[in-house]
């Protein structure tokens, strides 16, 4: 496999901007709401996050929901709000492509293209991503083995795009007390095999906001390249995943602790 | 949900042809190779199956493989071989669409469109299927709960296509002695909730050909609307899933027993 | 391993009584309530089952419940009622030992000693069972791999008791629509490896009585050596597992169909 | 349930010794080999650990192995070596009871009695533990839901022993790249429900020594009451779980980092 680690120190750094270089020395804090719901919600959340020092803003515009009667995302209009965040606050944008029909439009507005857990097996998306010039963050499917995950990721690499960021967001197990089960054990084995950066997503893993900070600290100490966390200016009114978003205040106090822990691992938060 | 069972006897029959009506009185035996590999392989297998009385022929032309270096399917050429099977032997054709980019072409050549387990969460595919006039067989994702599976299926129904056939093909569990774990328990609960027909797929569930007949008999006795089984004229040379395909001889002796068991449940094999 | 199958036809028959020989030609129907609750309940249920032709009666007297505030079983008193069933109706008795402290007393009153799924890893019990002269039915732990199950079973064989009956009763998976997931796929692989008889337990697997008959028929067609099913003279008043017990009437109509299916597999119901 | 948390600050402290009080302010590092193999191995490992400041020494003497042909533990002789560790080095001793037949002997020699994951459902053991005056560390069964685990633990509390320490050591999932999957998500929910202390066991969870430090750091940041880690003076010659034990050198450098992380969470390592 192209992503196979050649030796202990083999690691594929990914340059996102002058301020954000994903490396063994940095710890990237990606944050933002689950979904871009309105221009106001997007701008208000981004404004607060940029004050904290956040440099990569996340928000979904095409939402592949399980329930056909639920909110399906703001589409291209939402992507335009995200472009405004970039222009106004200088943040880089990551947003999810839900299938190949919206790949081009998402690619146009974002700096990092996200492939969600449910799309991890979508070959058209993977092959399309392989031909893109933008970095791809691909989430592990919640029932994909490490081995399957890496083989699907290989579709991107083999099609020409080496800038792939891995992301563990929890697997499905018999335990239903939490939404999913964050698989740090399997992830440790994976990091040992490949040279690609790893971002952890505690928000989707546990799915209940008051437990996200504990897990986020564990993830920071686990020594990966960063976290992607859902933060909302007003979680109780979120149209999507309202139970798992942190308030800006919760995120702020988490951020301070993550910084300290990242430093113990020799990393600087960006 | 639109598929909710109104009462004990509520059931949505699906008419495939004069010979094949999916109902509480029939038991449909769908069979054929995993992949359409060559015109010769397709025609030879179909010729033998039609002699047995098989009326629905299966073969995949777009193969969403986990390994990017493996055979990816014969594409439209393969679909043309399947059309030839229909013309020459009068069989109905079921084939898999792997994502929305090949939906129209698969729709054109088939009588039943199959959505594979890995595509169960693909909204573009589900919405597209909802607008099609052809029956859709949608497989349960191997880590989808019954609840998620039915909610995703609802995307097809709500978009206008009521001819949906459910298919259990095994879920992923901790047990790796077999490829997957056929979930008859969850499926029994599902049948109790919805009025849609159910086809079981023992081939993908166990993944090892010599165990397929035992499981197929169990499925027949379980009382569903039929089976979809992989049969190959020469399994040892199959380009895809060679370990799970039955030989024509194995299938023939299985078929005779399935007939007897279906009758105990008041069903006629078609 | 001592239980390893030497060749295709290697099978360890177990003689329970003149009427009940567990072999490739017989299909044993074990039945009775989850728990022996009262002398009246035991005798009434047994009386009806013996009329049907049932020869092995099951009922638990030591109940290892998850909830410390729930009914814990009738203990030795219950075992005496079971002995009365044997004397009065000529049935053979199977009952569960929950840990080594009650092994001797259970051994004294039963014809087959049952080791429950939660005790599968209890070495004192396994070693004790290995030294007993009575046949042992050991259930697979609900999270034991086939490999682990067989290695734990080996503790009985290696200690001198070759009369071991395997029993699959469902494994724990992510699906919670049913109580457990009956693992026929893994079980098929297991039957291929060892020469020991296999009994299936659809009652504990699905855990909801109205789905037990469907699963029981599937198990019969799957071709094992028999079924163990919970039947209660009045399920709605059962002190234990009330949701999964069949009424005598339900069991009766199931029994007739099982007979037909067993015959298709060349077996006679005993 | 007796362990239910009454309010945010409700927590049951457990006093092990003057130096070791399990509380919200302390972080207990339990360490030692999987099994007590010889007097020399036990004393050498303990001598090095005591130099580091370790105050609770772990080693198993009754080993409930899956394989009947593997090393089954040193029994009472091993417990005497552990007593020598206590006398000579002033450490407190934790050791596993495998079933009720060895409960009294383990109780006699230890300061904390450990109930292993495979014995979590053993009622005789739980009830016996409830009547003991010694603290009990009970591991979560690898397929027990949080709910089941707490209900089984209740058997100890209801029988009179309130000094129960919970321990997560990984659950069984579909992922086999690591031995088990450490379930921090479920554990976070559990900590929210009960007032009992929690120790995490990264060694058994991941099962591969070079990944233990990463996971141990994650556990420290997750904010629990301590860790139990396997350390061996010579892992390559260990008779049990040789792949997961840390060398003394590895443990030493881990220990320094754990100290720093525990302090960020306001805890002092003991």
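Brief remarks follow.
In this document, chain identifiers A, B, C and D correspond to the written order of the chains, with residue numbering beginning at 1 in each.
Simple rule for what comes next: a contact is a pair of C-beta atoms (placed from the backbone, for glycine too) under 8 Å apart; a residue touches a chain by one contact, two chains touch by 3 or more.
Note that this is a predicted model, so its numbers are computed, not measured.
Where the sister copies chain A and chain D meet, the same residue numbers recur on both sides for over half of the interface positions. Centroid distances from chain A, each centroid being the mean of CA atoms, peak for C. Centre-to-centre separation of chain C and chain D, using mean CA positions: 35 Å.
With centres set at the average Cα position, the gap from chain A to chain C is 49 Å. Among all residues of chain D, those that touch two or more other chains are 143, 172-174, 176. Chain A contributes residues 172-174, 176 to its touches with chain C in the complex. Every residue of chain A that touches chain B in the complex is listed here, in rising order: 64, 66-69, 98-101, 118-119, 121-125, 141-143, 148, 151-152, 154-155, 158, 172. The touching residues of chain B, when paired with chain C in their complex, are 143, 145-147, 170-171, 173-186, 188-190, 192, 205-208, 210-211, 214-215, 217-223, 257, 260-261, 264-265.
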